[in-house]
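The two complexes that follow have chain A in common; it is paired with chain B in the first and with chain C in the second.
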Partner chain A sequence: MALANSTWEQHWRALLGISAETAQGVVAAGAILVILFGVIIPAVGVVSYLFRKLGADLQARVGPNQAGAAGFLQGLADLLKLLQKQKMKSEVTSAESQREGSFWYFGHTLVLYSSLAVLPLGSVFLFVNTDMSAFLPFIAALAAVLATLFSGVARGGVASFLGVFRVSAQAVAGAVPALFALLCAGLGAGGFRWEAMAKAQGFYPWSWRVFVNPFELLAFLVFFASGMVLLSIPPFSSAHPSSDLRGGVLSGVFGRRFAWLSFSRTYALFLWSLISVVMFLGAWNLPGFLDGAPERERWVFVLELIVVLSKTVSLMLLAGWIERASPRLRTDHVTDLVWWVFMPAALVALIGTALWERLWGGP
Partner chain B sequence: MKTSVLSTTRVYFSSISAGVRSLVQACSSILPYLWSATELRKEVTEQYPDPVSSRTPDELPSRTRGLLENDIQRCTGCKECEEVCPVKCIKVENEPGEDPGKTWVAVFDIDHASCIFCGLCVEVCAPQSLIHTREYEGAALALPQLVTSFGRGRVTDEQREKWDIMRRSQEAENL
Partner chain C sequence: MSNHTESLHTDLTEWEVGPFHAMLPGPMKLLLRLDGEVVVSAQAETGFLHRGLEKAFEQQRWHAGIPYSDRLDPEAAIFGELVFCLAVEEICAIQVPERAQAIRVILSELGRVSGHLAYLARVARMVGAETILHFLIRDREKILDLFELLTGARFALGFLRFGGVRDDVTEGFIERVIETSELIRQRLKEYNDLLSFNQAFVKRMVGLAPLSLDRVKALGVTGPAARASGLNRDERKARPYTGYEKMDFSVPRGKSSDGTGGSAHDRFIVRLMEILQSLEILKHATESLVPGPFKKGEVSKDFLPPRGEAYAYVEAARGLLGCHVVADGSVKPLRVQFRSPSIPNIAAIPEVLSGARLEDVGLILASMDISVAEADK
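Our next item is the complex of A and B:
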C-alpha cells in the first residue's frame, strides 16, 4: 500500500538518486537503511562512548583507554568480544525456555526498532506523519516492555517471575504520567503530528514549548523522567539490573543477546530523548533567516539533523549525569515516586496547559 | 496520631523539595571531577595492569591475588582448600600412595572461570603448597581452558597393585 503523504518520497528519491520508476518500497527501505546505519548506529555509538568516558571522569576513574585513541573504539571491541562468547550451561532453565526467552528478546528489540520508521529526525526525514505520530514511539516502548515480560516468564523459575513483576509494575507506573504529559504536548501544539509539534515552536529557546508555557515545562520533566522509569533507564533501573544478582528477567542474557539488548536499551533512551526534544525543546527548527535562503532544500536536512541530534545527545548526557550522581532507586521507591509525585504533577500540567491555552493560547 | 491536611501537604511538598535539592547537590558535587579540578579529584583508579601501558606481573605487589598455583610435590591432598572454597571451584581426588602415610593426589583441578580470588584456600593450606601467583592474564577462547590441572594423574591398575604390595610389606616390617 502506497503511503498517502509522498513528500518524504520526493525528498528521499532526490537524496538517494533513485529514479521515479523505482517502487516506493525500495525508496522506503533505502531510507530506513540510511537512517539506521548513517544516523542511529553512529549516534548511539558516540553517546555510549561519551557515557562511559564522561561517566568515568565524573567518578574519578580512567574509563576506556585501550581500544583506539582515548578508547574510542572500546564499544566495537566489546561488541566483537560479546559476539564470540560461548553458551554457558544453565542449571536453572531448559534449552526450550532459553530459546523462547531469546525469541521474546528478539521481539522486544524488533518492536523497538520498528519505531525507526516514525522517528522525527527533521522535516525531510519524516516518514509517517499522521495525526497520532507522537503516540507511535510510545506504543513501541510499551510493546518492548511487554516482550521483556514474556521473556522473563519464558525463562521460568521464581526469580524470573519476581523480575517480571518488578518490570511490569514499573512500566505501568511510568507509562501513565508519560501519557498525560504527552497529551499536554499535543494540547500545546494543537495536534499530535510531528510537523504540528515542530511548527508550534521555533529555533530559539524562548520559543520552545517548555519556556512558552510553565505547565509544559512541568510536563516535559514528567515526560522525560517517566520515560526513564518506563524503559528502566538508570537511576530507575533496579527492576532490570538487580536481577543480575538475584536472578530474574535478565538472568542468562550474555554474549550476542546481551549486545543486542544493550544496544536496544541505549536506543530506547535515544528514542525517548528525541521525542522529548521534538515535543518540548524546539524540535528541528532552524533560525528564521534560513527560510528564504537559496537552494535551501539541498542542505536543510543536514542542518535539521544536526540541530535535533545535538539537542537529543545533550539530553541523553544530562540523563547520564543524573545516573552517575544518584544511587539506583529501589523498585518500590520508584513506583511510589511515580504514583505520588509524577502522576499528580502530570495532572496539574494537563489541567494547567488546557487553561493556559484557553486563556492565552492562539486561536 | 491524627495529622491535618495542611501539615500532610507541607510534608509532601517539603519531601519533594528535599529530593530535588539532594539531586541537584549530588549532580553539582561530582561536576568538578570532570576536569580533575584539584589534587583530591584526580583519577584514583590505575590503568589495567598490562605490559603495554602499565605494570608487568613482576612489578605487582607481593600479596597480589593472581592465578592460583599448586606445588603438587608439597600438597598432601588434605582437601581443606576444596572444603573452604565458597564457589566450589577446586576439585581434589586422592588415591592411596606408595608410602602408607601419604596420599597420591590424582586430581587437583582449579576452575579459574569460577574462582573469585578470595584467597581462603591459600589461607588454609597447611603445607603452603597452594599460592596466588601475580599472573593475571587468564583470557582463553573456551571455558574448559580456564581449568588448570595440577594433579599427578590416575594411578594405573598395575601401579596400584605394586604399591599395595609395597605398603603391606612395609606394614609387616613395622609390626
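Our next item is the complex of A and C:
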C-alpha cells in the first residue's frame, strides 16, 4: 500500500512499534511527542540559530559564537539562563495576580502547542483532516492572542494594561483580512482539508497556488502579513515589546515567563509560515516520479517533511530579514495599514479568486 | 441618560517613569498623565545625576579643571574641554598657535560627528531599527579609534591645554582622519537608504513633536534642535572661535524654516546634514594644518591667571555650550559655571510630549538629544 493512501494510525503504529491492540489515543500521543521533540523543537531551534546568525551578519556582528560549535547551543544556554532568573518584587502586584499571570503565560503557550495535533507536516502527519482543518491553527492563534491579552491584564501595570488594547486592536485588524485570504485558498483548492489543499498543487513552483492564480499570490501576501499583525511579529510588534522602550503588554517580562514567551512566539511564526506554505506554496508535494512507490514508503514521508519544513524555514527567515531591516510600526499605523491596504487587497483577492476559478478553474 | 454619562466617565492615568527606565535619556523622572495612549501632560524632574561638577572646579588647581570639564558631557567631552580652555585663555589673553587651533577644530568636528552618530543610533533604537543601529555604532567606533590614536583615550580625552593642545598630531593621524571622513561620507547614503527615508520611519517621525521657531526662541533651545525648527544660528558662523572663520561650510536648517515647527524628522535630518558639513570642515582643517608650535610655551603647574572673568562659548554637538570662569588671582578658580544646551531641551519636554502617543515618548525624548549628565552637572 502506498504511503499517501494509508491512514496515519497504521503508519505510526509501524513507526513506533505499537501493537494493534493498543488504544488509538496512545498512538496519537506518541506521534505528537515524536513530532514535538523530533520535528518542531529541532526545527524551531535551527531557525532561532539561523535568525541570530543571519541577523548578526546583516548587522556587521559575529553573533553567537561561544556556546557549542559556532555558537549553535546559544539558544540552550539562553534557556538555562532564563530559567534561573529570580522574580523582581515589582514584577507583579500581588501573589494572586502572579498566579493569574503565570496561568495566562502558560495558557498562551499551551493553546498554541495544542495546534500540534492539526499541523500539516505531510501526508502521514494528518491526524485531523476535516473540512475545517485549515481553520484550526487559525483559531489556536486567536486563542493565543486572547491569552496574551489576559496576561497583560493580570500584570497590572500601566504599560501592560495599555498594551492589552494594542493587542486587541491588532488581533481584530489582522484576523479579518487573514480570514478572507484563507477563504481564497479554500476556493482555489476546492476545500479546507489539508489534503485537498496539497492535492491542488504540485512539487514544482509553477504548480503552486501563488503562481497558478495571480489573485492567490495577492491572498498569500495578505495572509502572511496579516498573520504577522495578528501575532504581533516584528515589524508589527508594537503591542508586544519585551523591552520597556515603548511600553506594551509584555514589557518587563523576563526569566521563565520570557522563556515561555519566546517559545510560543517562535512557534507561532512557525505555525503561520507552515500553514502559508501548505495553502499557497506547494505544501509537502514531491516530484511526480516518487508517487505511488510502495517500496519507498518508509522514507517518502521523511522527504515530505523535509520539503515542507525547508519552505517553512525559508519563509520564517524572510520574516526575520524583514524584522531586521525595518523600523517598528506604531500600533495605529499597523491598524491603518491593515484596514486601508490589506483589507481591500484581501477583498480583491477573494473576488478575483472566485471569478478566476469560475472562468478558468477546474470542474 | 445621566447614568450612562456617569458610567463612561474615565479618569486620566498617571504614570511615573524613572528615574531609571529604558525610554529615558538618562536618570530622570517623567510624570505622564495619560488619556488612554495619549499624553495629556508631562513633567520632567532632573537632578538625579548631580555630581557637584561646578563646585569641584573650585577645589582644584586650574589645570586639574580640564579633566573635570571632560565629564560635563561624557559623550562629547571635547566641547567641555574646549569651552573651559577658551574662557581661561581669554582671562589670560593667551594666543593659541594656528596649528593648535586646527587640531582643536579637527577634534571638535570628530566629536560632533561622534555625537551625531550616537544620536542617530539612539533614534534608531527607539524605532526598533536594529540593523542601522549597529551600523551607526560601528562607524562611531572609527571616530573613537581616532581619539585613541591621538590622545590615548576614547571618551574623556584630557587633551587640550591652556594655550594649545597636549601633543602634536601623531604620525598617520591626519591620513586616518581623511580616510575615516571618506568612509562616513559613503556610509551616509547607507543610513539614508536604510532609515532616513524608509516609509515606516518617515511615518513615525514626520510631524512628530513639533517645536515652533517662536517656542525655540522662548525656551532658549539651541543647536541642531533649534536649527531643525528654522533658526539660522550656529556659533561657528555667528561668532567664530578657534579658527572656524577660516573654514568653509554651510549651516543646515530644517524644512520648516518658515517657523511652522520642526518635527522629530527635521531634527534627525539636520544632524545627518551636519555630519556632512563636519566632514567638509575636517577636510579643510586637515589641509590647513600648518607647521609650527602646537601650544603656547609650557604652562606651569602653578599657573596663576590674573584676576578677571570671561565667558566663552562653543557650538557643541547638542547646541550652545557656554562657560563662565571667574579668577581671583589664586591657584584655583573662584567660580566656573556652564550653560548646557540640554537644559532648554529638558524644558521643552512638556510641550513636545503633550498630545503624543505613549509609544512615541521614548522616540521624542531621543529626538530632543538630551544629556542628563550635562544638565545635572
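The rule is short, and it goes like this: the second predicted complex is superposed on the first by the 344 of 363 C-alpha atoms of A that agree within 3 Å, B and C clash if a C-alpha of one lies under 4 Å from a C-alpha of the other, contacts with A are read in each partner's own complex, and residues count from 1 in each chain.
By definition in this document, a residue touches a chain if its C-beta (ideal position, glycine included) is under 8 Å from a C-beta of that chain, and two chains touch if they have at least 3 such contacts.
All of these numbers come straight from a predicted model, not from anything done at the bench.
Asks: Looking at A:Asp57, would you say it contacts chain B, chain C, both, or neither? Reply first, second, both or neither.
Replies: first
Asks: Let me test your reading of the model: by the given contact rule, A:Asp131 touches which partner, first (chain B), second (chain C), both or neither?
Replies: neither
Asks: Look at the residues of chain A and decide whether chain B or chain C touches more of them.
Replies: C
Asks: Is A:Ala325 contacted by the first partner chain B, the second partner chain C, both or neither?
Replies: both
Asks: Thinking of the overlay built on chain A, is A:Asn65 touched by chain B (first), by chain C (second), by both, or by neither?
Replies: Once the two structures are laid over each other on A, A:Asn65 reaches chain B alone.
Asks: On the A-aligned overlay, A:Val341 touches which partner chain: chain B = first, chain C = second, or both, or neither?
Replies: first
Asks: Taking the contacts chain A makes with chain B in one complex and with chain C in the other, which residues are shared?
Replies: 58-61, 324-326
Asks: Quick check on the complex: what are the chain C residues that touch chain A?
Replies: Touch residues, chain C against chain A: 13, 15, 21-23, 34, 36-37, 124-131, 133-135, 138, 194-195, 198, 200-201, 203-204, 357-362.
Asks: Tell me, which parts of chain A touch chain B in their complex?
Replies: Answer in residue numbers: 54, 57-62, 65-66, 84, 86, 88, 321-322, 324-326, 340-341.
Asks: For chain B, which residues are in contact with chain A within the complex?
Replies: So the residues of chain B touching chain A come out as 12, 16, 23, 26-27, 29-31, 33-34, 36, 41-48, 50, 52-53, 141-143.
Asks: Name, in rising order, each residue of chain A that touches chain C in their complex.
Replies: Residues of chain A touching chain C: 55, 58-61, 158-159, 162, 165-166, 234-235, 237-238, 241, 243-247, 324-333.
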